[in-house]
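Both complexes shown next keep subunit A, but they swap its partner, so subunit B is in the first and subunit C is in the second.
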Partner chain A sequence: MTALDKSVQEAAVEHEDLEHADNDKTPLGHGRMLRKEDPRFIRGMGRYVDDLQLNGMLHLAILRSPVAHANIVSIDVSAAQAHPKVKAVITGADLAAQGLAWMPTLSNDVQAVLATDRVRFQGQEVAFVVAEDRYSARDALELIDVEYDVLPPVVDVRKALAPDAEVIRTDLEGKKDNHCFDWETGDKDATEAVFAKADVVVKQDIVYPRVHPAPMETCGCVADYERVSGQLTLWTTSQAPHAHRTVYALVSGLPEHKIRVIAPDIGGGFGNKVPIYPGYVCAIVASLVIGKPVKWMEDRTENLVSTGFARDYVMQGEIAATKEGKILAIRTHVLADHGAFNGTAAPIKYPAGFFGVFTGSYDLEAAYCSMTAVYTNKAPGGVAYACSFRITEAVYLVERIVDCLAYELEMDPVELRKKNFIQPDQFPYTTKTGWVYDSGDYERAMDVALEMAGYDDLRREQEEKRAKGELMGIGVAFFTEAVGAGPRKDMDILGLGMADGSELRVHPTGKAVLRVSCMSQGQGHETTFAQIVAEEIGIPVADIQVVNGDTDQTPFGLGTYGSRSTPVSGAAAALVARKVRDKAQIIASGMLEVSVADLEWQKGSFQVKGDPGRSVTIQDIAMRAHGAGDLPEGIEGGLEAQICYNPSNLTYPFGAYICVVDIDPGTAEVKVRRFVAVDDCGTRINPMIIEGQVHGGLTDGIGMALMEMISFDEDGNCIAGSLMDYLIPTALETPHWETGHTVTPSPHHPIGAKGVGESATVGSPPAIVNAVVDALKPYGIRHADMPLTPSRVWDAMQGHPTPPI
Partner chain B sequence: MQVTMTVNGESVTREVEGRMLLVHFLRDELGLTGTHWGCDTSNCGTCVTWMDGEPVKSCTVLAAMAGGREVRTVEGLEKDGVLDPVQEGFMRCHGLQCGFCTPGMMLTARALLDRNPHPTEQEIREAISGQICRCTGYTTIVRSILWAAEHPDGPTPAAAEPETAGSAS
Partner chain C sequence: MQVPAPFDYERATSVDDAISKLERLGEEARLVAGGHSLIPMMKLRLTDLEYLIDINDLHDELGYVRVGVDEVRIGAMTRHRELLESPELAAVFPIFADAEQVIADPVVRNRGTIGGSLCQADPSEDLTAVCTALDASCVIRSSSGERVVSMEDFHRGPYETAVGQAEILTEVRLPVRPGGSSAYAKVERRAGDWAVTSAGAAVWMTDGVITNARVGLAAVGPNTAGIPAISELMQGKPPSEELYAQAGELASAACNPSTDNRGTVEYKRHLADELTRRTLRTAVQRIEAGLAGDEGGNR
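== the complex of A and B ==
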């Protein structure tokens, strides 16, 4: 059996197993295992922020700007204040008097908590009401009278820097235009030289429209300030409780040790719950002022129009190649729409996130990117929706333009990709933009995907269908991600290094508690992290409790986003377990009266080498560590440890995706018939959970490629403010996902795991768009922009594909 | 106004505003927080409950409209400590991740299986098409419901333990 056959067989076996997932038979570590979280969720006993009821709790609602750009002339809150159930009405002027009207964003910009002088996007926070119940709070919003002097909005990103464009950020001293930042990477001159000598140059404008993570649970919090103790507790929808605590301390002036941030169960995050939103700060202020707990839960419209969006990149791509299909260089210029405030949540030295991996999975001679980011009258944000810090945009650009090259060369897209893959013996591979890919075997993953899809048969079927006038498309995409931010020498958010803490305590009876700094929003950390520890220390998974999401109970760390939980916190969990095991080995040596070197680890116990009859279990050791009697010299009692893991490099998961679509020639509706996803995320801890992560990301891909877009009219009105307008895939648009995998461990991660949370969101949009464009080949279409709704596909079929913005 | 209804088999009476939504009645008045709120526009389905045996979106039903009716929520799926096969299915087939859409999905699934004990995959997809899951991509939800259809009496005794990684070993 060849390696490929074996991979395909493994993938098939995995698929079979998933049909009847059940517990792994050896619950001492990695493997398929049902989730610890689920018994509470299936009983409706999850505990989300809005489920919290505290004595005397009040409700907060926010008045938002109805227009995109305007000066505030006056605000009259008297009628609202007179409402019998209203406890407080607060405006920007009130906050300004306390120095709280502005807060830092995660990108070192500032954002208005409540607008003072001017509103800069539709939906911006203008005032808030605190009332006895949520209905009364909303009623009172209607009683606030705001007079606006409307200004021309900057909506079209291409016109943001026009000389006559209204300046949005008048709050920034000396600001005379809407320029946000410039950024470049790669070697401009070297790239130009390579382009000059190339046989073929293909240029393509590519738009990645603004989309929104839209988790099923919107954002919200309960702030509870106790005046006597000076303690603030904030239950909140946060993917990064520790980072949030620090920011709240800086904004509010409360000492950090008096702030406790608790993220309870989170109803999906996808990056939407990384930023700090004005609503959280409003609730904190309200509780400080009133001295009672205050709940704020935004509604769906507020979520869609005001919280962290994603993408919004207008890209000009260029690719240079030989006529035989050897890719030489890629060059791009990006116009980035950052909205009214730069609220991007990315490592501070990376204003464009990790877009620098736009060189993809290919061995190039040169690459260059320049970027201009601008302010517009739209909601702030930019990095969200499982985007891996802009890798989604980068992968879409490269995988789309490689397909454009294939189109021009009349070459099969698989053949073109294979011809240019970075080869296994080239790893670690330094890209022309300076990223050091850790490990990979790209061709193998591609071959597994081709086998699973039956690629050659699909092409034959397509040929037959084309002859009959039917529209069938086959899309191929290959991605490499950079996740697990990150080495703290390079990566921080607001000065906080992106390392993660982990603490493990083994109790006397051998049961354990692991405390981690990252925070699950549905990824199953309580299970996966227990498995990581179980694998290292041999305590059954069921005996390990994972605590996360509470800053008073967990060590410091930067949170869960950018697929960093397993690469960073997962590494911390493995290493803290090894640290405990090392101590256990010393205690075992005392118990067995042999030297440490004479012991060998059998998962769950230390045994004297060559004498299997003499061993002690980890549970025996735990009791001894806490019990009466002597311990080896210099060893303290207890069996626990804490570490902070600072990754030496990012990890680089990859995958090969193949999508098959059928397009109705009469209605231009796209149906995703099949989708084959082969992922390589290194060591696989719980294949069932990995599979679930991949499925979810693939569905995001269908959403973005075919349906989702946060769009605006010319006045800056957001016209995707409900789930009737912002369409999310249902079970009917979604195919039965077909998944497979290869395993190429990361060489520097303690257990070789690479992270997988965003892989499919990154990899699936280009596969789907490539499939649609492939289906439209008979119409002479080389490119069409997302979202490929029936009307937009229809336009393409009529010969005029238009960009969505 | 005063409203009386049966919720999960128990009669409840409360004084409420006429405009109070059923979802808020269940969550805020009765503390049954397994029913979630997600969109206001009947699109997401996290608020699905049963009214007289039919799934409804409780964000677009007034509490007053449920007066005299029988309401069933996710908290009423488990009977005498025995999980509904749908609950078992979701747990065994990884039919959930964040858990937010799960109560509504399970109630719709139960209603489907009650009138169609052996649905096809397509029938399942149609039944849950008024609800959104942002995590799972639906394949595992379909699988979970198929599991429940195949196991109308729940798991076989031999497979009953251990259920999850969290159960005692």
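== the complex of A and C ==
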């Protein structure tokens, strides 16, 4: 065993404990326990949007453009209207007459609800049919006759700004090119100066291809407008019900109090369910027009070809260092493909999301990024697909370019990283792009990972294998994320501040209901949030009901994405519980006839200091709060509170990942043999749920690194429109995940927790790619782009690794 | 949910019933066996049909693996899973277990049939390559009787076979000759994916000399039928790495792949070579080990 400091040993020992942990424990607060929601899901008793059946409900199907770019010459709907089961056929022209043909995107752009003038990507919404059943609605689509005048499509992002490129956004007044926006961060001149003095400069083109969140449940909704009351109820696949309600109110002109948005169980989101899609608006319009409930559920192809994609960054990375391996600066230029409409989901002042953290976990002298975003004839989006607002791209860039530097310096990638880590005493650390990292102990996490992996032995094994012509690779990646958006002074979505409300009500018998604004899509909020409250107020987890997803039943807040639930709503839950506890303490002082200061809190009860025999439980207090008899002066009956939490900063989880791959030299197939993931997300509320999040993200990472890509042919046809073409990994591609952790609490979060929902998706692709590239070292390979399918790995082995786009 | 266009549905009670239904309903009628090729195409609205004739009740009649002394007969309704799990079949033709382990996934294998696979004639489909390597012949029945065609004649190109409109494939026959064994290998991007390229090989030897060798490829061009040049090359020679390499080169030259999401032309040609060598080598090793088959364990 190598020399490890005590804390590392402890962390490693804790890791072992987890392997044998008893998941059936029911801690009174934080700790490992089974998820409360699982019995419902495991028994098939989850209730999703598509399960909903309402009296008289009609079905909506959308006609989509078969081509990427074309003017619409004419649309004939007469045959569809004549279908005996069709109730309505609506085109863009019909919506335009009501001023509803266009809607705002989350990035201050506009997007067509139904195309009026032209179609701008394959799969774009052109018309919709409402019929008595889903089959008839779909059949009637084939009766609509659209004449298209096809235009040259802009498919290659690198040619989008060419002078002869067809202008896509003719709807924007005066638009003469396909430029979307420019953005920069860091100090250009200072970076240039540092690059000029560096011993070593390494440059690498790095592509993060377009991928798709592909949740198991596709998007959809049921819109039910009651004409008499003027009430609209929308059951919908939304990660942000409150934000959606406000946007619907602003767009439709319906009063906000007459709109109720309900997100029932959601079958996976991964950012795909953050935007408002044309289909939702169509269903609302249909219900308004017809006066009946209308269901729209997209099919798999519609989901893959038209809803929010992620990534699609073509990056030039540059790193400057001394010959001893001290990293001085990183510089990058990014060409960002935003598709036909800029639908990026990110706080409005961050058009490139949080890409600014591309400086990674390293202490640099300077950094600079410039970005050009363009329109192309592809689906709009740019969603936070388990990426914490583009941190996936940033981490991939820095972790790849650092490995390129290690390659050029002939230095071990671990040693190089360790040499450049931000040190524990440097926190809070302000990066050269202005991000204030809250806390970290990077070397410790790295050491735990090295120990778990047996890094030195792996390197020895690799050497032996190489001598025999076998290809084994070891990939290391270290990431720091910025999650929990965010402070309202900096962050809003369409003008809505990113603070989260929370409400806790304790019933007379001591059972409680917590209402939160964030929205679970499978993350286990019903358990985690109950545990947060239990820890603070001592009510058993089983006695705390967590309510989310219904705007009429929960306080306002911006929803779940970018790993923000625990950092923001989790903080709100802890603080609202403390507020209730404060009131409980006053009531307890009355019950025990002592002053508040003479009471001490033992999880679940207040006891008179120095007299353990005299105490009251939280349940006693709850009954008293609602019961007969006087309460202390100035205290109202009931035991409840509501707060709205505005985070002072983001939280910065981090982790060290090590991946081992074997490559078949004859077929170029990559097998991920081992994967060690050490995560530090601060205080750990439910370790089992954290591990579940990490397992999912690592699997996702295998998908992106090895097989996933939304690709297009030269005509702009999307050739990833089914799960036979867009591959997502299965259990057979995933090794036994080896997870470990360290704990470095966030200093500003009420319970020291940081988000972890996306850590593994962010950290794993570079670890896997680094491992593949490391395995290919004998071929003189320094870089190869994702997805590393056998064919693309073989290309690299032949000396011509090619970018995927 | 993807929904197909309207269609009518009938269930056949026997092979003769299926044939008479096909005759009665005409061009717009199609048989459905496991449905794992046809139903996805219907849902994606890539196929136009008005009547579906379900032949799953014919599993009793057409679901079997009969291993005889000089011939194996497999009924057209035999499911992938039954092929995978038949020790008798693996004992004579280990290539089946090799292939079936990497065809689709358990859900598909539980329903998909050998008859459907061969009749679908997808250029990436694996069992055609297996049957080609084994020199199979196919039994096709119509109201006027039965005819038997070789694999070369059966498989006419992508999605096209010798089975006529009112005909049904009933059985696949595979000759058993002494001193033989076989193997299959497939490269896929992910478990359950269709092949980037796959190859099947069958070899027969007497006294250390190859008497016959056959190779079938999948996913490398419109025509996956056998490569006679390989048989000619190997006949009468003792096995060697050099011979496998020559055969691999022939396979690589004989195929006609195209570039797609699964891989480039160059890579697929390389795989045709690499997998031909691997499967020939494995087949010979199995013969030398005295194993016609090992129930698929020797992958």
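One rule holds for everything that comes next: the second predicted complex is superposed on the first by the 778 of 805 C-alpha atoms of A that agree within 3 Å, B and C clash if a C-alpha of one lies under 4 Å from a C-alpha of the other, contacts with A are read in each partner's own complex, and residues count from 1 in each chain.
The rule we apply is simple: a contact is a pair of C-beta atoms (placed from the backbone, for glycine too) under 8 Å apart; a residue touches a chain by one contact, two chains touch by 3 or more.
Source: prediction; values computed, not measured.
Looking at the shared chain after the overlay, A:Val73 reaches neither subunit B nor subunit C. In the superposed model, A:Asp51 makes contact with subunit B only, not with subunit C. In the superposition on chain A, A:Arg35 makes contact with subunit B only, while subunit C stays out of contact range. By the touch criterion defined above, A:Ala530 reaches subunit B but does not reach subunit C. In the superposition on chain A, A:Ala467 makes contact with neither subunit B nor subunit C. Touch criterion met: A:Gly696 reaches subunit B, while subunit C stays clear of it.
Contact with neither subunit B nor subunit C is seen for A:Ala196 once the two complexes are overlaid on the shared chain. In the overlay built on the shared chain, the residue A:Ala628 is in contact with neither subunit B nor subunit C. Of the two partner chains, subunit B is the only one that A:Pro215 touches; subunit C does not reach it. Judged by the document's definition of touching, subunit A residues 50, 134-135, 299-301, 722, 724, 730, 732 lie at the interface with subunit B and also at the interface with subunit C.
Residue ranges of subunit A in contact with subunit B, taken from their complex: 18-23, 27, 33-48, 50-51, 53, 134-135, 213-218, 265-268, 270, 299-301, 521-524, 526-527, 530-531, 540-543, 688-689, 691-692, 695-700, 722-724, 728, 730-732, 734, 736-737. Partner subunit C is touched in their complex by these residues of subunit A: 50, 134-135, 138-139, 142, 297, 299-301, 666-669, 706-707, 709, 711, 719-720, 722, 724-725, 727, 729-730, 732-733, 789-791, 794-795, 798.
Interface of subunit C with subunit A (complex): residues 1-3, 5-6, 40, 44-45, 105, 187, 189-194, 196, 261-264, 266-268, 270-271, 274-275, 278. By the touch criterion given at the top, residues 17, 19-20, 24, 27-28, 31-41, 43-44, 46, 73-75, 77-78, 83, 87, 90-94, 96-103, 106, 121, 124-126, 128-143, 147, 159, 162-169 of subunit B touch subunit A in their complex.
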